[in-house]
Structures are given as structure tokens and as C-alpha cells.
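Look at the two complexes coming up: chain A is in both, with chain B in one and chain C in the other.
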Partner chain A sequence: MTSTAESLRQRVNRALNSQKPKTITVLSCLLAVEDELGYIPQEAAEEVARFTDSTINDVWGVASFYTNFQFQPPGRHRVEVCWGPTCHVLGAMDAIGEVLKSLDLSGEGTTDDGAISLRYNTCLGACANGPVMSVDHHLIGRITPERAAQIVGELKERQTVGGPGAP
Partner chain B sequence: MPPNFEDLRALSIRRWQGLSQGDKPWIRVGTALCGKAAGADRVIAALTSELEQRNVGATISEVGCLGPCYAEPLVDVVTPRGPRVVYGGVTPEQVPEIFDSHIVNGKPVAAYALGTLGDDRSDDIPRLADHPMMKAQHRIALRNAGHVDPCDIRQYIANDGYAALYRALTEMTPDQVREEVSKSGLRGRGGAAFPTGTKWNFLAGAKDPVKYILVNCEEGDPGAFNDKGILESDPHSLIEGVILAGYATGATMGYVFIRHGHDGPIDRTWCAIDQARELGILGQNILGSSFSFDIEVALTGDSYVAGEETALMESIEGKRAMPRYRPPFPAQVGLFGKPSNINNVKTLAYVPQIVLRGSDWFAGIGRERSTGTAILCLSGDLTYTGMAEVPMGMTLRQVVDDLAGGVPGGKKLKLLQTGGPLGGVLSSDDLDIPLDFDAMAQTGAIMGSGGIIAASEESCVVDLTRVLIAFCQYESCGKCFPCRTGMTHLLEVLERICRLEGRSGDLELMRTVGQNMQAGSLCGHGQLGFNPVSSALRYFREEFEQHLRDKTCAAGKCPSPWYSPDGARR
Partner chain C sequence: MADDQITITIDGVEVMARPGQTVLEAAIEAGIYIPYLCYHPGLKPFAACRMCVVEVENGPGFPASCTLPVADGMVVKNTSNQVHELRRNIMEMLIAEHPHGCLTCHRVDLCGPQDICLRHVSVNDRCVTCPKNERCELKDTVRYLGMSLESPLEYKYRDLPVETGDPFYDRDYNLCIVCGRCVRVCEEVRGDNAITFTERAGQALVGTSFGTSLLESGCEFCGACLDVCPVGALVESDHKWEKAQRVERTICPHCPVGCQLNLEVNQFGKVIRSIPEINSPANKGQACFKGKFGLDFVNHKERLKKPFIRRDGKLEEASWDEALDYMAERLQPYKGPSFAMLTSPNSTNEEHYLAQKFARVVMGTNSVDQTSNTRPIMAEALQEVLGYAAATNPIWELEQAKCILVFDANLTEEHNVLGVPIKRAVKEGTRLIVIDPREVELTRYAHLWLRPRPGTELLLLGAILKGILDQGLERREWLDENCEGLEALRGALASVDIDAVVEESGVSRDLIDKAVRIYAPSEPSAIVYGLDNVPEELHRDCVHALASLALLTGNLGKAFSGIYPLRRGANEQGAWDVGCVPHLLPGYAPVSDAGARRRFEEEWGCRIVEEPGLSLQQIFDEARLGQIKAMFIVGDSPNLNNGELGDGLAALEALEFLVVQDTFLSPAAQRAHVVLPRATFAEKSGTFTNLERRIQTIRPVVSIKSSEARSEERTICQLAQRMQAKGFDFSSSAEVMDEIARLTPIYGGVSHRRLEAEGRIVFRPDVSNPLPTQVLYSDKEYRGLQWPCLTVESKGTPTLYSEGFTVRKARMPAPDFRKAEIDHSGSDRPFVFAPGRVLLQSEREIDVIKGKENRVEREEIIELHRDDARMLGVQEGDVVEVQTNRGAVRGRAVFRDGIQRGVVSATFLFGQLMVELEASQDPDPMSRVPGLEVTSARLIKVSNP
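== the complex of A and B ==
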């Protein structure tokens, strides 16, 4: 076992052992790992199986069901754009088009340099201020295609963690 | 030693008066999801920095959603003298001026103000109560939203909080609490509109020492945010409702089920639970009584079907969120095999006021078989978007024209999409329908969870139907093949119609697929999954025909590029 794999397992176990609810399940464990690592590596699935006394198949079965789980390390920044009906009515598709162009992506995924991951979200929960996008979990409402491109462009340039309502 | 509730309440009221009518300014900033999306964090940073630089004694609190989300970030300022003023659309650049003029010198800045709250008037600022969006409201579940700090239990107690629980535990039997809820006519606000009292009676009748109250805040419907809004704005009203439900049914434990990733609602709910435990309002021997009950937050991953009541239980058990067969019904065999009740957040948030003010009071609001209020989420092409609580019986036309101020920019309304993605669309010509569970169901639209998405004349109904079906296809859990393959089939057909490559017979094909989905699916997702198409065809058939026959889109939307996720459970 390499030292990186060890520290990964240590991080996973710290996350598994510090869950707030008393009801611990395969799903609660996977969510705790996702919060810690941003994705579910093989090592984490093994640790979750051990921790919950489940089979590895049980764990992958749950992880593959919920669409939030990722199995590759995410980029350093996470950009999400909502494609739900409200945001669609208010022009989200044009904004997504501009974001894709700016990131040189053809759909969901991570830029070649590993800097930015793009995901489409079904609802970020701020519909009254749609179209909505988020950068590293900070919500930004009422985006236009130009504003979306500008936000992603600045993120590409800065390469630092965005502050509230960033950038 | 159990806390003395009367003392606690008296102390809380004194603190509340000190804050709201004290000798220091109190600044409240809305930081629900709507406020955050509008940049409330930067406004708070600017306010905090002004406060520190000038060494002014003032309190800054983060509150939830007052309702007019379109005008976020909202900053609500009350000073020792003068009216309480709510500023709308505040930018960090405006903060120094508001600070100088209002917070330091007591002179409100009329130019940035949305309105005044409370009895004190201002010569140059209108009353917020006269705002079109606020005028028609009757706030029961939202009565504290935007007013109290959701993470301060004493502010909730100062505003009637936990008084209903105290009354129930000291003066009422569980049977009496259920009787009161039954008589109020309260029906579930999650979409099914089932009478809450009847549901509680089922659980009360189940003989098992362990029973659960499950609160559904999955709220994956795009266009619905009122459950999250309540958790972010006044989580204690839900917690009190859950404890009352537990007492009334003999349950032992409650779970608040929330989608992972919505940090505001999750953190504020946990905060409320921790505070209630600390004061002996939750846990062993609540408020010194013989009743014990506890609550936890249970998170789910992204899955819309997890909001279906039996899939929800699978998800709390940590499994794939796929619906179970019924019978047995949850009230007999539910979570972890134990009798369980699943209630929506809004439903339970009404309960404390019903217990405190009586069933007659609640039954007197709204309509005969749809009592109380409707909590609406207004989004899309509307002037005033946000969250509003109005008496049942108001018509959809009044909601759109009066409450939401119509479509901005002088455009005409084309349609409303109500009841979530499985709901239906309504033409703008057919809006004289009252907010009433039964009246709305008769027209084919459903009230659902209260989400209303408006689309102007510039939108294409075929394009919108495609997005709704894309959502339903993406979210099909895959258990029943008529839903799993049917949604994919519907989407394929709609995509080619939107590319203006539709074939003759496509509308009939969709109807056949839809009928099979309805007949062969276990839960509402497949059973109602054809609703977006069938309701759109009912009102806008000619627009579909145009796409098919003339290969044109009158709105000029089709064909245009669209993007949807590739993670669908195909």
C-alpha cells in the first residue's frame, strides 16, 4: 500500500467516524466521503463496505444510483449550471452554451488542465432568481450568457478559491 | 431539573424586545438560497466591515426568506427611533450610505428602500404591507420567515414558539391533538393532499413501541423551494410540528429528510435540533413531561424519486431510492420495518398554530375542503418572483396578475407550469381556477408542492415539454421498465420534434407510450410522467402540429442547441 493510498484511507475513515447522525448507512457514509474527497475512489468504497458491514456490491449499487456521486477526482473548482424548467425558461441554455465555449468542453466534465469541473444541475434551489449557476457551491443568480462566460473566464484566470458570490 | 417553560418564554420575550425595540440598531440580512444567489454574503461582509471601522454598536443577524426573492439581497434595518425599513436589491456599494444615513443618523435612505414594516410610517417610503406581493398574504407557516434568526431558538419562543407543544403536553391527550388536526381540515401539502388527521390516526392505531415520523424535504422539483425556505427561515416551526406529530401518534423518533448539498436548510435544521435538545424541548422527558422523542436529519443523494414516500424510506435506510410495493402501507410497515408516517415540511409547519389557535380558526381560512393557505413558489417570467403564502381560493389569475405583477417588459403570459415536473401546464386563457386541491385536479393541473413556473409568449411549449420530459427521464429510478424505457422513448420523440424532424404519427405514438407508463409503473413518477405531454397537447396541440406539419416553431426557439446531463439512469 502506498503512502498516498494510506492517507486517502485515513481521510475516508475520519469522515466516516465523524458523521453527525446516529443512523449510519451506506448512503450516509458515501455522502460523508463525497464531502471529504469530492469523489468516491475504490479505496473509499472498500472502507465504506467494511465500516457498514456491507458487501462492495452493495456500496457500488448505492453509489451508482444517486447522480451526485463522481468516481473520478473533480477539478479544483466546481462550476454547476442549472438546466431545470425555470432556468430553461429564463435562458439557461444560452448560458450553458457560453460556459462550454469558455471551458472548451462539449458537455459535463473537467478541463484538460484539471482546473475546472462543469456539471449540469437539475435544481440549485434559487429558482426565483434564475437562471442560477454555482461556483464552488456559491450560488450566483440571474445570470446572462455574457455574465456566465465572464464568471468562468475570471475563474480560469485566477485559479484561486472563489469567495462568497465569487468572483 | 426540567426547565420551566413559562420562565423561558418570559426571558425570551424580554430578549426579543431588547433586540427589536432596544437602544441599538438591529440589521437583518436574508441569507436563504435566494439571498445567497443574489450576493447576500458580500452585503454582510460590507456591513460587518462598516460596523468594525466605525465602532458602532449594532447587531447583524442572518435571517431566512421574507418572500420577495426578486428583490434580494434584502437588508432590514430597525433603529431605536424611526420605522423599520427593508432595503431591496442592496449592493455592497450602497452599504456605506445606508450605514451613514440610517444606522448612524437614523435617517432611512428612501431611494434604496422596498418598504417599511410594522406600525411606524415613513413619509417617503411605502409600507411593505401595501406591496402587491405582500398585500394578499396570510402568513401562518411563514409567519416568522425573514423576521427571526432561524438559529436562535429564543427568538422563536418569543414569537409563540413551542407554546403549542407546551399546551399539548400539559393540557391535551394525544387523541385531542389528532382530533384538533382532523377538525382543522388540514391536508398534506406535498402533492397528494391526503387529510393529515386521518394519516396520523393510521399511525396512532399501529401497535409497536417504535414508530417514526418522517419529514419529506427532498424537494427535487425544479421550481419548488418552499420546504427549503421554511427550513432556512424558521426551522423551529417544523421541529415543533414534528414533535407534536410524534406526541399525537405515539412515535418515538423523527427524521427530517433533505437532499445533500443544500447546506443552508441542512445546517439550520441541525442547529434547531441541537438547540431544542439543549433546552429539554427534544430528547428524554420533553419539558418535564413523560413524553420522549428525538429528531435527526437524514440526507439523501440526488434522486427525485427519493421524494416518493416508500423510496424515501429506502433512502433513509441507505439503499437505492426505489419505491416499494404497497401494501403493506408505511403506517403498518415503514422505515426499518416499523410503522411510519411521512409528512411534508409545510404540512407540519402549520400544526403548531393549529394546536395553539384551534381547528376552527384554521378551518375558517381558505375553502371548505381546502382549508388554510397555499404556500407558493413563483418563478419564471414574472415581475415579482419568490415565496408567498395566500389563502386557498385565490385564483391563479389573481396570483399571476396581482401577486406576481404579471410578466415583465409588457410581454404576454403564455402558460403556467404547476405542481412540479409531473404536474401540468395551463394556458393563460384558463387561469380562473381557484387554489383548491380538488378544483385544480379537475382541470388536469395539480397543486403539487406549490411551485408555479410562468412562461411568456416568447417561449415554445414543445421545447418546454421536452425539458420537462428530459428531467423525468433523467430522474426515472429505473425500477419499472414502462417508466424507464417509456421516458427515454418520449424524450427521443420530443427531441426530434424540436429538431423539426418529427414524423406523422408521433403524437399518437407518445400517447401509447404514456398510457403504458401510466398502467405499468409502481409510483407517481411513471404514472404521472405523461402529464407534461398530455396537458401541453390539451392546450397547445396546434403548436405541436406546426412543428410536425410545417416544420416551423412560431416562437422561433426550435431548433436550438440544448444540453442535458449524461448521467441518466438508462
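== the complex of A and C ==
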């Protein structure tokens, strides 16, 4: 057993044990892990199974049901573009196209260098300012395809020039 | 009309139903067909496929009848045009995700695999290339609904790789219709959760966590999911495309649970698949890896087909007449104490009876035993206390016990289906206590796992008994009425000092207390015990202590309680019943009892030796000393060369004359002077008695081409006749059973005619309706008879002692509570190695190399005690090797608190065993599944981390 796997399990267990809701379920455990690690590795599924006295397959049934959960480590930055009805009507798809091109992705996912993760979002809750995108949970409204490409471009730039920097 | 009767109307027909039933169940019982795909008898309703929608008068919408409870006066329409149209629409959506070019084609049953298709259905999508063709419920349902050729929905192939790397069965999720039967049977019935629903909505499918192989997902390879799958998604990988021509019901020969199996036979007379029977009392539609995938030996090409006689040191082919004449002549001089007869645990009752009769009447010796009977005390000691040497209650009553104590038994492997009611019970809240030094599958389910140091099991039981008496938890009144000798037990317990037990066994006082407080007040509680690793010197006292546990708490003679000894072989129970043991005549009449002897002497017209014969162990000891000179062995047994009997093969080599009747040229057969080909369970008729005393019929399923294999029944009769013995002129096994019934009171009311005649027709399949395979095959229910069945009027006895201890009171034993010294500290193997095996270990990393055949490659962990490690200079993480006389295991050292000083342990993965079994070249690997044996070992440090 490698030491990284071991420390991963320790982090997972810390997250599991620090839960405070009244009822602890497989779902609440998965959320706790997602908050701690940003994704659900196989080790975490195993630990959750042990913690909730279920099996890894039960945990997987829940985890794979919700699209919120990711199973790969997320990129250092998280870009979300809303494609909910309002943003869609206001031209979100064009913005998404530009973001994809800029990140060299074909859909949701993480760039090859692990820097940026792109997710589609069905509503970021700011419909009045649509189309909306968010960078590391920071909302940016009324984006155009050009503006979206520029934002992502700047983020990429920061990654390569300034090293890992907080937004 | 009674209160518990509800009348509903389905299409104008009045149907009686019970409250709580669903409309679908009521319809099935009334013989009215409603199409369904996700419903399966034995599973909870799920309402996933929506195929069973009906219309209810004055009710809203179209409810699914599988989840619609019946209500009095309900008027259901099942065949209205609207319902029919709706079902067709639903089916259109279902088959939009399943290849259906052929399904909706009128030529579906006319095409062959190579035919040119006028509809351009690609070869991959054709029904004729599907392994489930001709037994596909989806196809039948599509035909039933009369789907039109053109579907408005576009079909998209999922394009998933077919999973073929795991042992025994293939999974093609391109064909899956997500009915969920497999997921539900795995969870609800088997309690394993080895598969789950993945993702959701349009992507929803069945799979494992992170898409791992079944080897690491906790699969026990029982095949239950295959049995319920309505399409070709899950199929056995052997004989995958072969079609069954007929189906025969028989009993599994692998363990004493006595599962009824429906064997599918193809056009060449080969057994191709095994489908467990749903209406069978012992297994209720379940089987295990042995019964489901371990019957290949029946058609194995290496089977012996002719008799052989050793001439000039070489085995030469001979005719049966030659062989029998030769044997009759050669056996003459060994009449008396120099001959021994050994039967196989999967010989039938009739064969066991004839074998002991042959030994006693013709050969004049009581030395007759089964090759599997290495733990004779297991049942004998139970008889001493209670009166009968058998489990007291039916297997499936375990499901409703409130507490189950499992003692030193790896039953999820050795008696797999027995584990099903136990796991189900635990799910419903039953408390499970496991006493075992090894980690076995049930320890995961256990509320309490008491892990005594090997050799201290009896002390631990003493502490529990003492705890019960100290806390006044015994059932006084019941004991006064049913049992004698309580004071003797009190006396024996006086020497038990709980603190000393804690020290010796390494089990904490808290755990012992908990065990007392869970087992004693739970009502009812049951005990299941094997004696896998208890040292032989403690066998009798351990069984006595377990029986006292049941007696003290009054857990006998009532439903859902009792005590279950776990023998190994399929029909060891029957062998004991009909006297195929050295010290008992049929019906447990002691050989030493002159009255009993006289009765049999008159019946058989011979003189029976008054001295009990030699037991299996003694027979081999005497053979080595040259006292036993001739032997007749039926069947193969791992015991002959696994050390249980010392060097068994060397003992056989020392014999002057050895006859072996076996299915294969086993190591024993290779040393024989006469080798006879033996018919398997699938070629003969007779009865097996399972561990719950149920006498069930096995039937001839196949006949092997150009094989002269015969049952030992026929061999023994002909041999006896050639030796001028009377009373062996039976023309069928039914006649043998008649004689058994006449001489064995507990079998008094049993006959083949009766077992056959009492088969109840449960269901008349209407072949025009699509039905699950298991339902189609279950045309008749055979419940067998549970002895004691004294007369032809008797219905048998499901629970022993339910009328009280009528023959005699139970005798409370007074075991000598002590430990067995397994102290090898002076020897070169100072440690005790306790191997374990589980389905999955969530906390351990497992690597599965996926390939044509998946392999488990993982680093083993050797658990040991801190103090021992210090003495050996081993640090946590060091690579160490455990060496036993059976081989070596290498792994990384880990210190665990649960491990006792002087004990090392390693827990292996069941998947590894499955891979080995599938790859095995042994003709019958299932009969040789290695048990988890506690042995002495030495520990060697290999390297630092």
C-alpha cells in the first residue's frame, strides 16, 4: 500500500468523521468527500462503504447517479458555464463553443495539464445577467463568446506565466 | 366470504386473492397471464419495466399490476385495446435499446445464423447469434404483444465491450434491458450487493463500482443473476450457445444442503447448464458456484468407461464379468477383520445401505465407513445429548431465528446456500455471533466476532455457559421438564474461571458478556457448527458444550431455533441413517446391542460381529500396520491424500488387494488391483438425505455414450451374488429403499413411489406465454420427507423434539472444559496459521489484471501480534513468509490487535479461488475446494520495507 493512498484514506476518513448532519447517509458522506478532495476516488468509495456499513457497489450506485460527483481529480481551476434555459436562449452555446476551443476540450472535463476543469451548469442562479459563467465560483455575467474566450485565455495565461495563482 | 379473502375481477373473471397480494400475483395464481419482465417470483415488486400495466375501473391512469395491491371489488382490465396499445408503446421504448431487427420480424424462428437477411439486420444484432435465443423472455414477450415490424424509435447500439474475463459467466450489457432482476436478486436474496445500478436516466445500466471486475466487487459466483436474467445479457460462458433439449430435476452432489437443480441436457446427452429449482424446500431457487458451475465432471472426457484389472503390475481393460469374477475370488480370503469397505459421501442412501450390508453379511466385518467421515464425533456427540444425530430444524427456519451462533464453520463456501437464510436474517435484524479464529465471509455480517486462539474454543464456550448460569438466563421450567443432569453441568463449570478464559483465549470479557446477553435472551436462537479446526481431542466436548447452550436456553423443539451440525459430504447424513458407520446398524441401532443385532441377523440371515468395526482413521492406521489387507473404496476423496488420514496413499499401497470404483483414475484408483468405472449422480436413481434430514430423490439425467460405468449399487449386488450371498437380488433402488424402510424405523414411511407420487404440480406452464426459465422448469414441487417418518401416514418431522423429548429426556453433558495444547514453540513451526477468505476487502488495494482471463494480483497482508513481531525482529511493513506443510504465503507484515499471540493470519480473496477453480485441470475441482485449515507454521522475514 503506497503512502499516498494511505494519506488519501486518512483525509477521507477525517472528512467522514467530521460530518455533523443529524442523519448520515451514503450521499452525505459522498458530499463530505467531494468537499474535501474535490472528487471521489475509488479509495473514498471504499471508505464510505465501510463507514456506512454498505458495499462499494451501493456507494457507486448513489455516486454515479448524481452528475455532481466527479471521479477524476479536478483541475486547479474550475470553470462553469451555464447552459440553463435562460442562458441558452441568450446565446450560452456560442460561449461554450469558444471556451471549448480555447481549452482544447471536446466537452466537460479537465485540460491535459490538469489546470482547468470545465463543467456545464444548468443554473448558476443569475438568470437576469445571463449568459453566466463562473471561474472558481466567482460569477461573471452577460458574457459574449469573445469575453468568455478572453476570461479563459487569461486564466490559462496565469497558469503558465505566474504559476499556480489564486484567482 | 372469509375476512382474509378478497375478490377482484380481471377481464370479467372473478379471482380470489389475499390481502397484501398484488394484482399480478393474484392473476398468476389464478392462471391469468399478464406480461411482465422485471417481476420474478421471490423478488420484491419493482415496477421498472411497466410491461404489466393494467386498467382499473374508476381508478386513475394505468398502474403497474406488480405493485398494485388488491382491493375488494376491484375491476381490472388486462386485455383491453387501450392496455394492449400502451404495452406495445412501452415495449417500443424498451427495444429501442435492445437489438430488435429480428424481434419484430415474422421470420424470427425460421432463420439460421448464415442466412442472408432481407432486412439487413447485422449479424451482431440477430437473435440467432444471441446465446439466449429460444429461452429469451424479451423475445417471447415481443411476440406475445404482436409488435409491428416498423418501430418509430431509432435503435442505437450501446457499443460496450462484452465482459468475458471473469470466471464462469459473461456479461453483455448491450443486451441489458435494465429490469434490475440481477441487482435485486444479488441484494435482496443473496445479500451480496456485488452489482448495482450505475448512472441514471438514459445512461442507467447495471455494473460494478468503478467498472471493476467481479473478482473485486464481492461476487460469490452463485449465478443467481444468470438464473433470473430475462435476456442474453448474463449467460454461462461454458456451453454458451448450446440449446437444451430436455430438463431433468435432481439433487446437487456437492454438499449436504441438498439443492434441487434442473439440469439442462443438449441433443448429445450432455449436461450443459444447471438452473436451481424455485419450489424446492432446501434451496428455494438458489445454488452456489459448485452446483451452478461445477457439474462438468459428468461429461468429462477423462471419465473411466471400462473396468480394469491389474495384471503384472499394469492395469488392463477387462469386462465387467471378468472384473466381478476376479473380485469375488480374490476377496474370499479376506472375509473377516482384514477387510474394510469405504463409501463416498455422494453415494445414495440405497448404496450406503448395500455397502454396509455387504461388509457385514458377506465380508463379516463392521469396518465400513465413508471416506469423508473424518469428524465422526460431530453428530455422534449430539446424539449422546439429544437422542438424534442430526440437525433439529429445517434450513430455512434460520431466516427467522432472532439470534444465530455460527461456530467454527466456513459455511458460505462449504454449505453456501445455508448462508443465504443467515444473511437474509441478519438483514432483517437477527443478531449473528461468529466464533472462529479465521476471518470468513460471515464475520463481515456478524454483530459479534469472537476470535479465540486456536485450541481454546471449548474454554470460550465454557465461559459463555457459565455466564448464562451466573446471570440466571437459563430456562428453569423447560429444563426440569425436558432435561436431566443440569447439576453435572454446573459442577463441570465450577472449574471455569472467566478471567483465565479471557487470558487464554484472547477474547475480551466484554465480548464474552455480549455473546451471553445476545444469545441467551433472544428467542429463538439457533446454533450452526462445523468443527473445521477444533483439535480432535476437543470435538466431543465442544459439541456437548454447544448442545448445552441450546438446552440451557430452551432453544430446542420449537420453530426457528435448534442446532445444526455441518457435515461435509452430500449424503453423509443418509450414510449414518442407514448404518454405513462402523458402530451403528441401520436406524442408529448400536452394533454392540445384542437385541438389535439379532433383529438384523434374522432379517439378513447371517451373523453380525458384535465388536464395532474400525473407523476411517483406524482403517488407515491398521492398513499401515498390515492388519487391514483388502479394501473396497467407492469414489474419490481429498482426504486420501491431504494428510487427514496420514499418508493415505501409502496405506493403500500396503494393501494386498484394493478395489476402487471411481469416476476418474484418481490417485487411489491408480494404486488399485481392480478399478471399476463409477456412474455419477446424474446417471443413477436413489435418494440423498440432506442436512435437515430431508430425503430427496435423485434421478438419472444422462447416459454416457460408450461408457460401461455402473452405480455401486449394481456392483455390490452382483459381487455379493457371485460370492453366493443371499438378499442382494434387488432389481431397482426402489426395492432397496423398501428394505431400508422395513428395517429402519425413522425411514419407516419412506418409499420411492411415495416420494414421486407426492410431487405436487405447482404450475402448468402455458407454453404460449413468455415466462422466466426458472418458472417454466418448476412444473412440479418435490418436498421430500424429513425423517423421522415412521409410517406411510406420517408426513415426516420438520422439527425434532417438537413434542418434547419423548423417547428419553435430553442428557445435559458435563464437558471437561479445557484447552488443547497447540504449543509448537519448541518445534520448527512455532506459529499457528489461521487463513481466512472473504468476498471483498474494501480497505485493501486489489489489482485485477484484466485480460482474456482476469487475474487477481495483490500484495497479501500477514497479520501478526506485536510481541511476536518484536521477538522475530519484524517491523510493520516488512515482507514475511509464512511456511506451512501445505505451502508458503508471502506478504507484508501488519500488526493487528485482534490477532492472538502465537497466531499469524492472512485473508485471501474468494475471487482468487474462483480463478484457480476455473483454470483447474482437475476433472472435478469443486470436490476439492481447499478448506481453510488452521495449521502450524513458521514465519520468516524476507526483507525490509
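Here is the rule we go by: the second predicted complex is superposed on the first by the 159 of 167 C-alpha atoms of A that agree within 3 Å, B and C clash if a C-alpha of one lies under 4 Å from a C-alpha of the other, contacts with A are read in each partner's own complex, and residues count from 1 in each chain.
The rule is short, and it goes like this: contacts are C-beta pairs under 8 Å (C-beta built on N, C-alpha and C of every residue); 3 or more make two chains touch, one makes a residue touch a chain.
A quick note: this is a predicted structure, and the numbers were derived from the prediction, not measured.
Visitor: I'd like to know which partner A:132 touches here: chain B for first, chain C for second, both or neither.
Guide: Touch status of A:132: first partner only.
Visitor: Is it chain B or chain C that touches the larger share of residues in chain A?
Guide: Answer, by number of touched residues of chain A: B.
Visitor: Tell me the contact category for A:42 with respect to chain B and chain C: first, second, both or neither.
Guide: Second partner only.
Visitor: Using the touch definition from the top, say if A:57 reaches chain B (first), chain C (second), both or neither.
Guide: A:57: touches chain C, not chain B.
Visitor: By the touch definition at the top of the document, which applies to A:149: first (chain B), second (chain C), both, or neither?
Guide: In the superposition, A:149 touches no partner, neither chain B nor chain C.
Visitor: Looking at A:88 after the superposition, I want to know if it touches chain B, chain C, both of them or none. Which is it: first, second, both, neither?
Guide: first
Visitor: Kindly classify A:8 by the partners it touches after superposition: chain B alone (first), chain C alone (second), both, or neither?
Guide: neither
Visitor: Looking at the overlay, what does A:23 touch: chain B (first), chain C (second), both, or neither?
Guide: first
Visitor: Applying the touch criterion given at the start, work out whether A:65 contacts chain B, chain C, both or neither, answering first, second, both or neither.
Guide: A:65 sits against chain B and chain C alike.
Visitor: Identify the overlap between the chain B-contacting and the chain C-contacting residues of chain A.
Guide: Residues common to the chain A contacts of chain C and of chain B are 61, 65, listed in rising order.
Visitor: Contact residues on chain B for chain A in the complex?
Guide: Listed in rising order, the residues are 33-34, 36-39, 41-42, 45, 69-70, 72, 219-225, 228, 255, 260-263, 270, 296-304, 315-321, 377-381, 385-387, 417, 421, 451, 453-455, 459, 464, 467-468, 471, 474-475, 477, 560-567, 569.
Visitor: Of all residues in chain C, which touch chain A in the complex?
Guide: Touching chain A from chain C are residues 192-200, 207-210, 217-218, 840, 842-845, 859, 892.
Visitor: Okay, in this complex, where on chain A does chain B touch?
Guide: Counting only chain A, the residues touching chain B are 20-23, 25-31, 34, 52, 61-62, 65-69, 82-90, 93, 96-97, 100, 107-108, 119-120, 122-130, 132, 137-142, 163-165.
Visitor: Taking the touch rule as given, give the residues of chain A at its contact with chain C in the complex, in rising order.
Guide: 1, 5, 9, 42, 45-47, 49-50, 54-61, 64-65, 71
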